[in-house]
Structures are given as C-alpha cells and as structure tokens.
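Please go over the structures that come below.
Next, two complexes with subunit A in common: one pairs it with subunit B, the other with subunit C.
Coming up: the complex of A and B.
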C-alpha cells in the first residue's frame, strides 16, 4: 500500500464528516465536562472539605463516596469490552466481530474515566501517583488497582486497540484526507501481506489469551478492596470478588449494547453491520444479569439470616432504612431488565429498542448496586461505638461525576470521527489493493 | 531477531515484575513500620515489568521482517 494508491472518495463510516447532530453532541458533552472541571477546580482549591465526604465514625460520614462508586462502576464496565473482543478473536465468532472495536473503545474509555475518578478522589493526585511508584505495597488490594488495572490493563487495552486497528488504518491511509497522516501513523507500515497477516493473527491471539486472565485478576482485586477489610461489617467476605466480576460483566455488556446501538444509528447503512452482534450480546447480558440477581438475593438472605448485630444494622439500613429506596430501585430495575431480556430470548427476536431499554435498566441497577456496596458500610458498618452516619453527594461531586461521564462520551464521540468504529470487511481490504 | 527480542522482553518483564513484587512486599517485616518496600521504587520495577510484557506484542508486530 503506497501513497500512489490514495483514493479521492469520502472516508467510510462517516469518518471526517462533522455533521450537525455530532456538533450538538460535542457541544453538550463539552459544556458538561467544563462544568465538571470548574467543580473540580473548586474542590482542588478548597480541598475535599468542599465535598460531602467526611471521616467515618468521628465525623459521621463516608470517606469513599460518589467518586469511588464511579471508580468501581467504570472499571467494572471496562471488563466486558476487551473480554468480548478477545472472545470474538479466540473463538472466531464472526457475528461479534463488528462490535469488537466499539468494545475495545469502551474498555479504554471506561478505564480512563475510572482511573480519573481515582485521582479526583485524592487530595493530592500528583503526590499520590508519585508515592505509589515509590512505596506501594502488594499487601494492599490498591497495589493491583494501580499496577494491574491502571498500568497493565489500560496499556494492554490500548495495545489491543492499536494492533487490532492497523489493518483498517492501512486501508484508511489509501484515501486522500486531512486525516491521512494519522491513519498512516496508526498503520505504522502495515501492508497486508500474507506473512504480516499471519503474524498479526498470532500476536492478537496471544494478546487475547493473556488479557482475559489479566482482566479477571485485576478486576477481582477491585472486589477485594472491600472484601479484605476485616474491620468493616458488610464488606468483609469472599463473595466480593466474584460479585464484582459478575456485576462488571452485566454492566459492561449493557453499556456495550447501548454504545453499539448508538453507533448503528449514527452510521446509518454502514452501522447495520453491528446487528449480528445483538443476539449474542443479549444472551450474554441475560446470563450475566441473572447471575447478578442471584448474588443480590444471596446477599440479602445472608444479611437477614442470623447475622451479627453489626451486620444486621446494615441489613436494616439497606432493606427498610435510609438506603431502602436505592436497594429496591436497583433490585426492581434488574428484575424489569431481566423480564425484557427473557421475553426477547423466548421470542428469539432481539429487537434493538427493547434490548437497549433492558441494557439501560441493568446499567442503572449496577450503578446503584455499586453505591450500595461502597457507602452503607461506612455510615452504618462500625465496630466501634460511633453514631450512625450519613452521606449524600453534594452538587460539586455530582458535577464532577457528570463531567467524567461527559469525558467518556467525548472520547468515544471524537474517536468515531477519526477512525472506523466498525472493523472493515475482507472485501474492503481486498479492494484497497485493487 | 523479532522473535528473540519479543521473547527477551517477555522474560525480562516477568523477571522485573517478580522482583518488583517481592521487593515491594516486605514479607519478612515483623512490624508495620518495617513493611515498606525493600528499596525505594520497587513498585516501579513491577510496573516496568508489566509494561515490557505488554509492549512485547507491539514489538512482535511492528518490527519488520529481515528480508
């Protein structure tokens, strides 16, 4: 593929074409992000005292609040993306291939947003990062958050996205456009020869094989951040790691379905290729959501059945107390989502509308479940004789949180205008050399 | 050359990560105060090891064939 082959037609999949709706989306997302940056500036100037966060026990609050909920949620969402892309490659599931890049993008985006939330939760982010490099200890589950999730998983996902996109970048580089330099850089000399393809397949296969255990280990440690805290009723337990993984799978696939549906709509005819993935994603979501519901029920039964007094206090707060609305909302949304998915499965007709609705419900339920994992054990789970505490995020935290969502949306929105969101077909590759 | 370099990156990466992990832990420490990493920046060594392992895939794909 040389510069002599350059084509003058428009770039495929709307790449480089900035439409009115896209500008509107970017404007709204940028406005929300800017407001989040302003809120964070207020927090950075005045310290974490500007937020509703407060010490547990002595100040009757929660030191881990909305930001940590977002860390857990987004790192959980990252699970499904690369996992599905890896499964599609290792097992050659052709129906899932059209969503592999969206899945990889979702993983990278959610990891970046999740890790940004970790830094935002620190009083001195730079000092935190520096000290982690110098003094972090693997006895803490945070060691794995920093090393395996923050470095290993993010880097592996970026490498996966980069290598997986080289062939498409080489095809895109044959078009004449302002983005030509970028596509040539991404292609980095890829010429689509037989040996090159073979090497690419081999590298992606081994990367897929390596990335799935890395995902499972690093995300399990996110659950262990809570599960290993002996002195905190409601957190300590061996179920936290598998519970985290299951909910991660459900929320990740749910987000992937929503994102794939948005890409399908945005790309019009070209976006129809992702439709083959919806039945697969729907079935995976159904299985993950069922497992998630199972964990919810088991957790409730365990909390109610002959629990120690400290645990019972949390159980009451969750089931009938201040957190009951969130608990039952989470439970109800998961049930409704499951009902919709079961109906779709029974009819064997995975219509996009109901599937997206079920995905949104499961996703909101997962976010609420993360909130219930993080907060109640701090306000109600104390072994020392402190008064019961309370926490609800203030406007500043909500603005920063909304800004993080907007950041993720912007990253994805910008990406699909500079690179094809759907991997190109073999025919397109052949024609690139014609 | 490409295979050798890739393999070397994976092996050195695993070695660095292992040394970094063990050195970060202070496993033999009897008190909390002594549980700091055996040497400053031992966790960085672990991170460098992980980066090398992942980077091996890029080297494998990007290095051109000998011919």
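Coming up: the complex of A and C.
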C-alpha cells in the first residue's frame, strides 16, 4: 500500500468515513425531518388553521405561537457560536480554539433553522420572500429579522465559517479523496504559505472584531420586536433587548457545550481536543445563566410588587395561573443548572457529564422563557376586556418544530463528515504533508 | 383634504348588534371574524347589576401601531385617515395583529370560501325557502375592485387564505359617498360617520357639541373613532353573551 493510498483512506477526524452510529443518527434525524415536512405540507395546503393558533381578542387565541418561540430561541442560540469563536480569536484563547468551528457551525445552523421557522410561520412564505425584496419597510422591527439577521448575520457567519476553514481546507485538499474537489473549492487557492497565513490571521482578527457589534445589534432587534409594542402588556419595555441577549448567550453556550460533547464522543480520540474548552465554556455559561436568572428574578419581583392593572392578569397567569407550571419549571431548571455549574466551578473540575446535564437544563429553561415571552401577552394581554384566551401547540406544530430541530441536527451531522469539526492542529498538518 | 372619523354614542347604543350583522353581510367576512364587534358588559352583583355596550370597529388610528410594524407596507393609512390592508401584498406575518391593542385584526387561517359558515347546512330545504338557494359568500363585485387613488385591493373580506383582514370603514362604500354598512344599519343612530375637516358635516357638529373620549388613550394611538357618553371599559366589567366565535 502506498502512502498515497493511506492518505486516501484516512482523512482526519473521521471525515468521509460513514460509520454505523452515524447512519443511525442520520436515519433518525431524517425520519423526524420527513415527518415535520409532512406536517408542514398539511399546514401549507390547509392553512395555518391546521395549527392551534387563533386570533387574539374575540377568538381568544395566540396568533404567534410555537414557531415564533422557535424563531426567538434559535436566533438566540446563534449568538453564542460566533461570539465564542470571535472571543477565541481576538484574545488568542488557545483552549477555546478547538471549538471555534463547532461554534461557527452552531451559529450558521441555528440561524438557518430560525429563519426557516420565520418562513413556516408566514401565511404566504413565498410572497414573504418576494415582497420583502419589493416593498421592505425599515421602520418595522421585523424588517431587521429579515435583513440584519436573515441576510447580514447569516452571510457574515457563513463568511466567517468559510474564511476560518480555508487553512484546514487547504490541508484536506492535499489528501486524495472523493471530497478533494470540495476541499479545493473551499481552500479557493489558499495554500497556507507564511504570508498567506499571516493575511488569513489578520483577516480573521478584524472579522472577529467586526462581527460582534453586528451580532449584538441584530439580535437586539429580536428583543425589540416585542419591546416596542406599547399596546401589548408584558412586552413593552426597554429591557426586552438586553433580556433577549442575556438569554441568547446562556442558551447559545449551553447548546455549544452539548454539541461539543457530541462531537467529542463522535470523533473518539480526535475529539478529545475539545476538552480544553469545557472549563471556559462552563465558566461563560455560569456567568450567562446567572445573568439570565437575575433577569428572571427582577421580572418576578416587578410582577409581584407593583404590577400595573393591565399586566396583573399576565402576572397572575405566569406566577399562579395557567402558565405557572412553565414559569416554575423554567425557574427551577435554571436554578438546578446553576447549582451544578457552581459546584463544578468550586471544584474546578469541569466533568463533561454534569456540564452537559447543566447545559441541557439551562437550554430547556431558556426555551420555556421564550415561550413565556411570546404567548401569555397574547392570551392574557388584551387591553380591552375580552375573555381570557388559551393556546397550546398541537401535534402539527410540535411535528414541524421537531422537524426544524432535526434539520439543524442533519446539517451538523452531514458537515462533520465532509469537513473537520475541530480546527486542525499543526501536528495534523505535518502528518498531512508527510 | 377629507379626514374621515366615526363617533360612537354609547348613550344611544342598545347593544342590538345589527352593526355586526350588516358588517358581515356587506364585507363577506368569514365565520368567527367580527370586524365590527359589540361588547355586552355586565357590572356589579345581582340584583345590583348594570349592563353597558361598546361597539368596537377598527379605530383607524392616526398613530397606528399596525401600520408601523408591517414589514412590507401592506397595512397602510390613506390620506383620508382610513387604515387599510392590501391583501395582495400581505405576507401573513400577523405582526399587525399582535401590535394592535384593540384586537380588531382577523387572519384568514384557512381558505375563506371553503370554511365560511360551515356550521350551517345550506342545503336544508327549510332554509332554502328563505335564502332562495343562495349560499354565502354572496358575490359583491365592489369588493373585487381596486380602491382609492392607490388602486389597491383593500375592500371586503374572505379574499384569500393566509392574509390579514380588518374593518375598512367600508372603503368601497365611502369612496362612493355612502356611509359604512354599520352606520347605515344602526337603528338608533349611535354610529355617526363623516369628514371631520369640514365643520358643517353632522359628525363635526356632533363632536363639537359633545364631550368625547377615545378608547385606550394611554396607548397613544390617536384613534379616529371617538366615543360619546358611557365610560372607558375596565376589566371589572364582565363580558356576557359572547358570539360563538372560537374555532
């Protein structure tokens, strides 16, 4: 066997090797996605009336439901990915570098899924895309979702992922494989010479600095979608934007930890490189979750102490009424997650198992918080004395939502088989050129 | 320049809901959609109770939150003060609905023509003797026409699945010099409509004579519907006799 053949069979980090567990993962994710597509087909043909959504007011429903919750959740998750990658590059934090690609991938994946949820929620998805080009109104806070987030942030994140991967693509292109064309395309002429590498590092540094303000501004507009609505008790307020960002940071880092742990497990020995990032990610999650809890407590105290008359209905529904189980579940999960993280921090031993558990709890808590932001202000937030409304997603919405999760999982699952999930080390580069 | 407004005299309103019926017939709105809605309230404890009524059309606000939030300009305000929805442009995001504090927006959740009044068996022989076999939605050619100087498709309801609709002040009638259907139908003249820029119109004279208040003044929406008599509603009032509007 020649060294040429050896390189053909052994692309690093399991790239190109389709294992049994990977096929099982793809099969399950595809099945969930297909069921979601079926559910959406029913919705597209029958109308949004197939969902549990209904008009506010006389119909006593919520016109924005699970899909908008998912938009807010996934766009929030996208925050942490690029932010962590930028942090690692700007401050040269070597321990975080192994997770930079996973982080960038998480941002791109969650943005795609979040934007898919936007389209799924529209009464006229195709018209939505077309009319936004023809008639867009920048005065609408929703406009920023389509431009700053949908185009600006997504494109910037893709460019970030693309440029950040060029060096690895150039190394991968030295291997003879069926994916060689793809790696050569990605490297796009980059050969990792000294001057090239210097230019590459400089470009990534400035891109990292430039992308963070874009991230903060565009994600703040997601909070403003709600915070600017003076006629909707529970929404109007200047704290919606920072609240959105804090929860976005917590849910994003939590998802990054879970994803990094999955990649570590999937890649075996090659995946161990990400372990250096866990203490950093754990500490960042601890800080973000603490801030998230702070916002939760401040909100609860405000509701309990000095609720304006119009907000009292929502406060009661949240704290003791129909939404109380979700409120206290969210609060409790955040507390338990924080307790685990605090214990890990005190022991300075960031074991992956408890860290992932804490991340899952924080992530579920953040999702529940998004639900509590979107829904109660519609069912209980009418300023005129309509009857109290009700909303709970039906099977179709849950199936479409699960399909969106599966879409994100599939994108990431496919990516790690065509490109290294962890930036290649100098040792891997040397072995590639051996 | 003409500026349309509506006055609602609560001292005259008897809560008969004829305005709701005429609105539905005029605009072909789908089941459960009430562009004009009349609250029937009860306050107090038996036997010391008091009933009151509150007609609630779209308020056609001068500072309309629904117009502000529309990402494509499908919801817009005409120079004459009427707030309309261009159903050919609406993308169905429903942001206008969550932004509106009055709850006047209705989304077409399903294909309107298929779902309109499905609870009624229109083939019933007894019913056919009354309806002469006609089945709603009744065709009203005015609703298919483009309206106003903008020439946009704004009149009537039940046009398409996945778009938002609401009270248009019966723009197709107003552009012909007629009153909105609810105003024309009201048996007690509780609803008065017209141009408030002209001091000699009935509504201008009426508003000049009476003390008025606006619905949810604190919301800063500057409605073009002004109320006379009665008092602003509070959550202490219990709504009774709700129409079966829910799906």
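Throughout what follows, the second predicted complex is superposed on the first by the 420 of 434 C-alpha atoms of A that agree within 3 Å, B and C clash if a C-alpha of one lies under 4 Å from a C-alpha of the other, contacts with A are read in each partner's own complex, and residues count from 1 in each chain.
By definition in this document, a contact is a pair of C-beta atoms (placed from the backbone, for glycine too) under 8 Å apart; a residue touches a chain by one contact, two chains touch by 3 or more.
Everything numeric here is computed off the predicted structure, so don't read it as measured data.
**Student:** Examine A:137 and indicate which partner it touches, taking first as subunit B and second as subunit C; both and neither are also allowed.
**Tutor:** In the superposition, A:137 contacts both subunit B and subunit C.
**Student:** Of subunit B and subunit C, which one touches more of subunit A's residues?
**Tutor:** Of subunit B and subunit C, more residues of subunit A lie in contact with C.
**Student:** Applying the touch criterion given at the start, work out whether A:155 contacts subunit B, subunit C, both or neither, answering first, second, both or neither.
**Tutor:** first
**Student:** Applying the document's definition of touch, where does A:199 land relative to subunit B and subunit C: first, second, both, or neither?
**Tutor:** The answer is first: A:199 touches subunit B but not subunit C.
**Student:** Is A:232 touching anything from subunit B or subunit C once the two structures are fitted on A? First, second, both or neither.
**Tutor:** Touch partner of A:232: subunit C, not subunit B.
**Student:** Is A:166 touching the first partner subunit B, the second partner subunit C, both, or neither of them?
**Tutor:** Once the two structures are laid over each other on A, A:166 reaches subunit B alone.
**Student:** Let me test your reading of the model: by the given contact rule, A:189 touches which partner, first (subunit B), second (subunit C), both or neither?
**Tutor:** It touches subunit B, and subunit C stays clear.
**Student:** Which holds for A:18: it touches subunit B only (first), subunit C only (second), both, or neither?
**Tutor:** Neither subunit B nor subunit C is touched by A:18.
**Student:** Just to be sure I read the superposition right, which of the two partners does A:346 touch: subunit B = first, subunit C = second, or both, or neither?
**Tutor:** Neither partner.
**Student:** Can you give me the overlap between the subunit B contact set and the subunit C contact set on subunit A?
**Tutor:** Of subunit A, residues 132, 134-137, 139, 143, 146 contact subunit B in one complex and subunit C in the other.
**Student:** Which positions of subunit C touch subunit A when the two form their complex?
**Tutor:** 32-34, 37, 39, 41, 56, 65, 68-74, 89-95, 97-111, 115, 161-164, 215-216, 219-221, 233-235, 237-239, 242-243, 245-247
**Student:** Quick one: which bits of subunit A touch subunit B in the complex? Just the residue numbers, please.
**Tutor:** 132-139, 143, 146-148, 151-152, 155-156, 159, 162-163, 166, 188-189, 195, 199-200, 202-203, 206-207, 210
**Student:** Hey, which residues of subunit A end up touching subunit C in the complex?
**Tutor:** 46-50, 53-61, 63-64, 121-124, 127-128, 131-132, 134-137, 139-143, 146, 225, 228-232, 309-310, 313, 378, 382-387
**Student:** Which of the residues in subunit B come into contact with subunit A in the complex?
**Tutor:** 21, 24-26, 35-37, 40-41, 43-44, 46-47, 50-51, 53-55, 57-58, 60-62, 64-65
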